[in-house]
Amino acid sequence: MPLLLPHTLALIALLPLVGFLLNGFFATALGGHRANERVAGIIGCAFPIAAFALTIKAFLDLQAGGFAPIVEPLYRWALIGTSSFEIAFYFDRLSAIMTLVVTGVGSVIHIYSTGYMHDDKSFGRFFAYLNLFLFFMLLLVLGRSMLVLFVGWEGVGLASYLLIGFWFDDLTNAKAGRKAFITNRIGDAGFLLGMFLLYRAFGTLDMDTINGAFLTGSGAAMLVPASLVGLLLFIGATGKSAQIPLYVWLPDAMAGPTPVSALIHAATMVTAGVYLTVRMSGIYMMAPEASQVIAVVGVLTAFFAATVALVQTDIKKVLAYSTVSQLGFMFLALGVGAYGVAIFHVVTHAFFKACLFLGAGSVIHALGGEQDIRKMGGLRTKIPLTFWTFAIATAAIAGIPGLAGFFSKDEILWYAFASAKGGAPWLWGIAALTALMTAFYMFRLLWLTFMGASRMSHEVEHHVHESPVSMTGVLMLLALLSAGGGYIGIPHFLEAQIPLPPVVERLEHYEHTLLIVSIVLAFAGLGLAVFMFGGPTSRPEAIKQGLLPVHRLLSGKYFVDELYDRVIVKPLVWFSDVVLFRGSDKLLDGSLNGLASLAQRSAGLLSRVQSGSLHVYALMVMVGIVGAVLWSWRHV
Amino acid sequence: MSVVALISAVLMLVTREPMRVALALITTMVMLGGIYGLLGVHFIAAFQVLIYVGAVMVFMVYVIMLLEVREAPGNTRYSRWLVPGIAAFAALVGVLGISVYRSNAEILALPGGGAFSLTQFSAAFLSQYWLEFELTSVFLVAAIVAALAVIKVSRRAHG
Amino acid sequence: MDRVSLLLWLSGALFSLGLLGVIVRRNALVMLMCMELMLNGVNLSLVTFSQQRGDAAGAVLVFLVFVVATAEIALAIPIVLLLVRFKRSMDIDRFSDLKG
Amino acid sequence: MNPQDALLAMLPEHLLLGGMVLLIVMGIVGRGARSALWVALGAVVASCTAAFWLSHAQFSAEPFAGQFSVTPAVLMAKGALLALAVPVLLMSRTEFSDGEFSILLLSSLYGLCLLPSSDSFLVMFLGLELLAMPVYALVLLAFRRPQSAEAAFKYLVLSGAASATFLMGVSLLYGATGSMSVSAFGPALASGDIMTRTAVVLVLLALFLKAAVVPFHAWAPDTYEGASIPVTAYMATLTKGAVLLAAVRLFSGVNVSGSLAQLLMVLPLVSIVWGNLAAIKQHSFRRMIAYSSIAHAGYLFYAFLGDADGRLQAVLFYVVAYSVTNLLAFAVLPQNDTDDQRDSLDALKGLYHRNPFAAAMIAIAMLSLAGLPPFPGFAAKFLIFKNVVAAGYTTYAVLGLVGSYLGIYFYLRVIQLLFMTAGEAAPSERPAGGTARVAGVLCLVGTLVLAVLPGWVLGAL
Amino acid sequence: MSEFTMGPMLLNLLLWLPMVGVGLVLLVARANDTRSRTISVAIMTLQFALATMLYRQFDATASGLQFATHLPWIAQWGVSYLIGLDGFNILLVLLTAFLGPIVVLGAWTSIKKDVPLFHVMVLLLQFAMMGAFVAQDLFLFYLFWEAMLIPMFLIIGMWGGARRVYATLKFVLYTAFGSILMLAAVIYLVHSLQLSSGVMSFAFADLYRSQLPLSVQTILLGAFALSFAIKVPMVPLHTWLPDAHVEAPTAGSVILAGVLLKMGTYGFMRLGFPLFPDAARAFTPLLMTLAVVSIVYGACLALVQTDIKKIIAYSSISHLGYVMLGLLSVELVGIQGAIIQMVSHGLVAAGLFLLVGMIYDRCHTRELAAYGGLARLLPVYSVFFMIFTLASVGLPTTSGFTGEFLALMGAFTAAWPAHLDGNQLPLVLAVIAVTGVVLGAMYMLRFALTFLFGDVKAPHHTPEHPLLDLSVREKSILGLLVIAVFALGLFPDGALQKTELAAKTYQSLVTTSRTPAGSPAGVTP
């Protein structure tokens, strides 16, 4: 590979880090005054864009090399006994796609942010964090060894923690960030165990080696049950990618600035779990049970999240739950062995969900911070650019034919139905129903926000204005991608590396029927939404009254947060505080003090014996003599 | 004779007036002197009578007369520890007695009577034990100095 | 019971009586005399043995005891005088300031 | 018995005696109460050097057959103890102006010297009496408070009882073995005869009484508190050491076993625990030291469980280490007008801020007495318990160590008073007198030597 | 090879330098605060320079002692002045020397009374700790081990908080109890070595050859383990730690957490397990359980503390549990992880205690509830705080990750085969230990949340007299620590290579049975 710089991949990862350091230094040293907002913005955007450029170059190198994986060792982290932990980067078709998405979408969102975060008092800090996130995300997707991947894995968690709590003066934001971090940590614990298990078996953490070993079924791979490893890693994935039961942090994560939601909690970070599973597909191919679990969890997540999204009134919350739902789809695909398809959906989802979030951001920006869709409406005319891009993205996610979402989602449904590796009609059934709901709630969102009459208060309405070009431009670009992204044949691109699962023969002829069905479902959803929200407002109210308990359950998000709080958090704190701290700890301490006071008391006793009376002393002597002599006779 | 010694010794503890106690002690000592005499070590008996009765007890008696301290009337004779004391005393006597009685040292079986004369004694004393003789003198010197010191102190305390 | 044992009994008894005296009598002078009694008891046994043995060592020790006893009395008497001077009493129970 | 031997063998004693005589003459001539101290000091130093020199010259002789003999080891022991007497004399300067103190101290030292080299009970008896008798007077001598008389009386009566017990034992032993020689004691230990057994025990208990081992310790706290600083120092260190040397002399060459060994385990163990516990609540410094000395008597008698050949070394090393640090504490103790103030622990509150040197010295002394490394007290304890373990009494070694743990608290309490408690000086408080401070420095040097070069010291002993 | 002839001299210099400092302070700075500060910081820095020099010269490939000095000291007992460096102590020596100047600088302004004495004590403590690490002779080790108590006793007792006397007495009496039993064990061990082999020696190397029946090993290890477990401290012997930490002055806490606690784990690694391998194997289930209990227990308690110093104190208990876990795994990875975790905890806990001390100097309260929104008020302070928090949570790229990751990995790799053999306990424990990672995040982030975020709230902070952010001095010492933390997190390899041989030695010592032939425990499972 003559064109390859010695350390292109390292450079890709490190450029954002430089950006972070520079911005971080300025932000803390100079307190991030407006004066250097320009500087911060330029620094913040330049490095990601450069990274994107380099990625393209690396991709060309990869192509030039006939898509032979590029391995780029950096340095040895540790050598213990015979097993060495290398810091090395690995660039193949999969990581190429992910890197492109991350740097590409990342860059545009940076640009968007310069407009969105304008006049924020810690502008510099924001870009520092954003760059930090990119750095870790790139480590995650470029790492060769699970160690590097894990570094990125936890790193993005940190970045998301910092960014969710970015406006930390409001404690709820900080709390949301903490929730995200800790929930992720729970997943990471599983991830760690999986990693240890693999290390135990192979003495290394290089993922290509491990995959190969599992695929060829070589000796070491037999030491550990693939399903166990698969499940442990999947626990990690559920944390990062917001699957049942660990999805609870994602909706709260919306507390962060909207670009963050777009970049981290829609486009890139949350798909890390999917990436991990695909990366480790070697294991999952050997672990049908684990795959089954993944499929089920995925489809259930998709379904439940969609149901919750039906009734949300916060624009970002709707998008958040839809993200969870879409991630569910991806895991469904993974579960049935359609890894390429999952990645395909990752990409398309990155495009349209980013577009949706940024659009939402633009709306919020326009309304000066308002997020409640019940207080919106009729924005179509006021901010047309935002509207049109938003509409396209909505159509895409709803699966309107021809748009990006349509292709990827349709393939998922198809493999859920027909894959020889765990595909099943009932999976398809739930997934299809979910697709219907997706279309419905997305168009509901679109209608309530942009269509109909305005429900805004006057002064808000007065200030409404279209966002600056830095934002709208990005929106248009993303809208374009969400429209055309579906024509990139990612599954087939990846097939060379990760084959798609075979299809059960007797089901093959259903393919077109299902295609029709899913198209019908998409339009059904659209129609339903228009029917309900296009007409008089009394109509949704009536239905709501009709299904009140259901509505309460859904708007209460099945009360999962409350459940966790009651069942896990509160008991833990109570146990620590009452049982351990006030209980055993005090007990241990008390017993010691008891001994001490015992010594004190005995001291008092002894000094009372020393009564000062000569008689007593003499008596003691006499008794002592008698006793001693008698004792000494014992062996006579 | 030994019986008398014992009784008068007991009397020592029973009588209240220090003077009477002194007298009882003197009796005991004289009796012991007698015993020594019977045992045939006459010079020890002589020492006993001369030094103890002659010197020590006279001194003692003199002191008693010197300070005619009126003891508070009533039962101030015994300390609170009379009963345990007596118990321990009984035990001690028993212990010592048994250790003599149950012992099988040949000496107790010896006929004895191998009494030795003053000449033997003094010969031994001045040949074999003359170190002790010297040391005794040192000891007495020290004792005198000590006594003087104490008296000096009591004078200082007085004035 | 032969003579030696008897005398040893006696000496033991005198010794113990002396100690008992220290325990039960409250008069300082009486205590001193009781100490003398102890020493006398010891002397008795010493004399007995040395007479039994027919060798002078015991007697010499007795002699030393005389000397020591005398000296001790010579030293003890002034101390007692001192005590009496403070508390106008020879009752040893009054002298228990040092304790604890 | 050639006179030259007699002269050399008893050279230390002779020098002490010479000092006494000289002092008495000066006393009679009635001049030089000032210089009395220096004369005594000269005598002690001279006899100490003599002892060291003789022991260095490997001198050993038996001038009085069966009565008195010296060996290099014994001479070394004498020398060491005499050396310890130097600081005592130095610190006495502030308390005693007149000559009696010196004379009495010298005579007591004379008795001390007799003990380790006595071959017959007669000499040992005289030694014990000569050791103790002047101390009765000394207790009274610095007559600061009426309690001194009481203290002296208690000491006199109980140690009189001790002498009587000792004699009783001796006489029974004499009856059983027909010999007054100390060497008869060793075999008697093993004898099955009940009278012998009683005799041995009585002798042992008499030593316990003199060394203040529970339950024969009761005189010590009262007497120490009633006495004056230098005398307490003397009693706590040298007298105890001398008694222990006498015990070593008695047990020389014998490994104890059977019920005797049990006595030697149990009573010392009890006194370790007793002393360390009772010391916790004291308010008088001297009384606290008394209890600590009771505990230390316990450790010292532990040494008798060990093998015979290492015993003298262990005991002597312990006595030296313990005495040096003890004297260190006494030497730097600040002066006060009333004895109570000088003696009370409360007077030590916040001493560090008034007199850092004294505070530091006392702290070092306390830590060493507590047996915490790197101070000499630790090495000494280590040696003793090492011997005990080597003799196979591991359990008792552990118990003894745990007992010594109980002691740590009250030593630390003193340090806490010195450094961590706020307190203001009594109006009359003055730093210790010049000579006393010299004594302190001497002891400090000794402490450091023992701490840094224990190997060298052990080699010398 | 001149440096290898120089080496021993350098090591001795390194060890005795603090005593020189003590002498200097006593001579020229008895009454001069600033001068005493300067002297001790100069001495400490010099010592650190020496330590780094030795670290660089240390030959990772050479087995056995390096820069060793061996002089007979108490020949009668076979005690010798034997010091030297090897993989066991090299990192800890470096850590101790590194923290030295940081401690002094950290206490620059916060110690106001009796400054010279304070520095004397700190120097003495430094001497004792350094000695305990470099000692290669059991007697010498015990000497230093005990000698550490005294300066610490005074540091807490004289410059501590309100209940300082109680805390310091508790600390000393608690630790002294362990040491007493250890002393008994030492005596017995040496004695039995002499009986069996005729060698009268306290040198570790000789003691490693001692042959003892399992029963004896068990008792002796019990004594040693008690003493070490108190120092570590392992639950349930930990109750002295919170009090000591809370009452100690900042410098005291830093030394305590930074170095003193490592003594316990170092003791286990250097003496406890290698001296009595068979008993160690017998103890492993118990100790491993205790280690995991400590991890969880400490974390849970840290979760509910309202005193900011106590949070860190309990977190120490939790973190040292990982060290024990790694040591007990007897897997190379685990051992190496344990060593790194020791150093890492030294750095992180030191940093956190310094930070807490700095805020305490400004606001004079340790109540967590009294604070809030410091990130807005003291940005630089908060950045440092965040970094150390994350290091304590064990976030990758920080030293905390390296330690925890390797230690846990060791525990797990050791547990898996046991699980396959049907012994589930190690696996269960390893899994529980991993959950400690979550708990760690919970309590530290709770701390950070209330401390840094939300509405601005700080005692003694008024608009006209706002709290001052970190001074240059504070920034620089924290900066040093941060550099070390990241260095150990990103490039642990160098350090690991230095300790590799020691870890292997430990492994072989612990895994080979040393019961005298014929005794039942002779066969190793």
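The chains carry the letters A, B, C, D and E, assigned in the order they are written, with residues numbered from 1 in each.
Keep this in mind: a residue touches a chain if its C-beta (ideal position, glycine included) is under 8 Å from a C-beta of that chain, and two chains touch if they have at least 3 such contacts.
Please read these numbers as outputs of a predicted model, since none were measured by experiment.
J.: Which chains, if any, touch subunit A and subunit D both?
T.: A chain counts here if it touches both subunit A and subunit D, which gives B, C, E.
J.: On a CA-centroid basis, which chain has its centre farthest from subunit B's?
T.: Max centre-to-centre separation from subunit B belongs to A.
J.: Which chains share more C-beta contacts than any other pair?
T.: Here the largest contact count links B-C.
J.: Round to the nearest whole Å and give the separation of the Cα centres of subunit B and subunit D.
T.: About 30 Å separates the centre of subunit B from that of subunit D.
J.: At what distance in angstrom does the C-alpha mean of subunit E lie from that of subunit A?
T.: 37
J.: Where the CA atoms of subunit C average out and where those of subunit E average out, how many Å apart are those spots?
T.: 65
J.: Could you tell me the distance, in whole angstrom, between the mean C-alpha positions of subunit A and subunit B?
T.: Their C-alpha centroids are separated by 102 Å.
J.: Spell out, as numbers or ranges, the residues of subunit C touching 2 or more other chains.
T.: As it turns out, subunit C has residues touching two or more other chains at 8, 12, 15-16, 19-20, 22-24, 26, 31-32, 48-50, 52-53, 55, 57, 60, 64, 68, 71, 75, 79-80, 82, 92-93, 95-100.
J.: Please list all residues of subunit A that touch 2 or more other chains.
T.: As it turns out, subunit A has residues touching two or more other chains at 607, 610, 612-616, 618-619, 621-623, 625, 629.
J.: Subunit D: which residues touch two or more other chains?
T.: Each of 122, 126, 129, 133, 136-137, 140, 153-154, 157, 161, 168, 172, 175, 178, 193-194, 197-198, 221-222, 281-282, 409 in subunit D touches at least two other chains.
J.: Pairwise, which chains touch?
T.: A-B, A-C, A-D, A-E, B-C, B-D, C-D, D-E
J.: Which residues of subunit A touch subunit D in the complex?
T.: 599-600, 602-604, 606-607, 610, 612, 614, 616-618, 620-621, 623-625, 628-629, 631-636
J.: In the complex formed with subunit A, which residues of subunit E make contact?
T.: Residue list for subunit E touching subunit A: 170, 174, 236, 239, 297, 300-301, 303-305, 332-333, 336, 373, 375-376, 379-380, 383, 390, 395-397, 401-402, 405-406, 408-409, 412-413, 416, 430-431, 434-435, 437-438, 441-442, 445-446, 449, 452-455, 490-493, 496-497, 500.
J.: Which positions of subunit A touch subunit C when the two form their complex?
T.: Touching subunit C from subunit A are residues 607, 610-615, 618-619, 621-622.
J.: Hey, which residues of subunit B end up touching subunit A in the complex?
T.: 79-81, 84-85, 88-89, 91-92, 95, 99
J.: Please output the residues of subunit C touching subunit D within their complex, sorted ascending.
T.: Residues 8, 11-12, 15, 18-19, 22, 28, 31-32, 35, 38-39, 41-42, 45-46, 48-50, 52-53, 55, 57-58, 60-61, 64-65, 68, 71-72, 75-76, 79-80, 82-83, 86, 92, 95-100.
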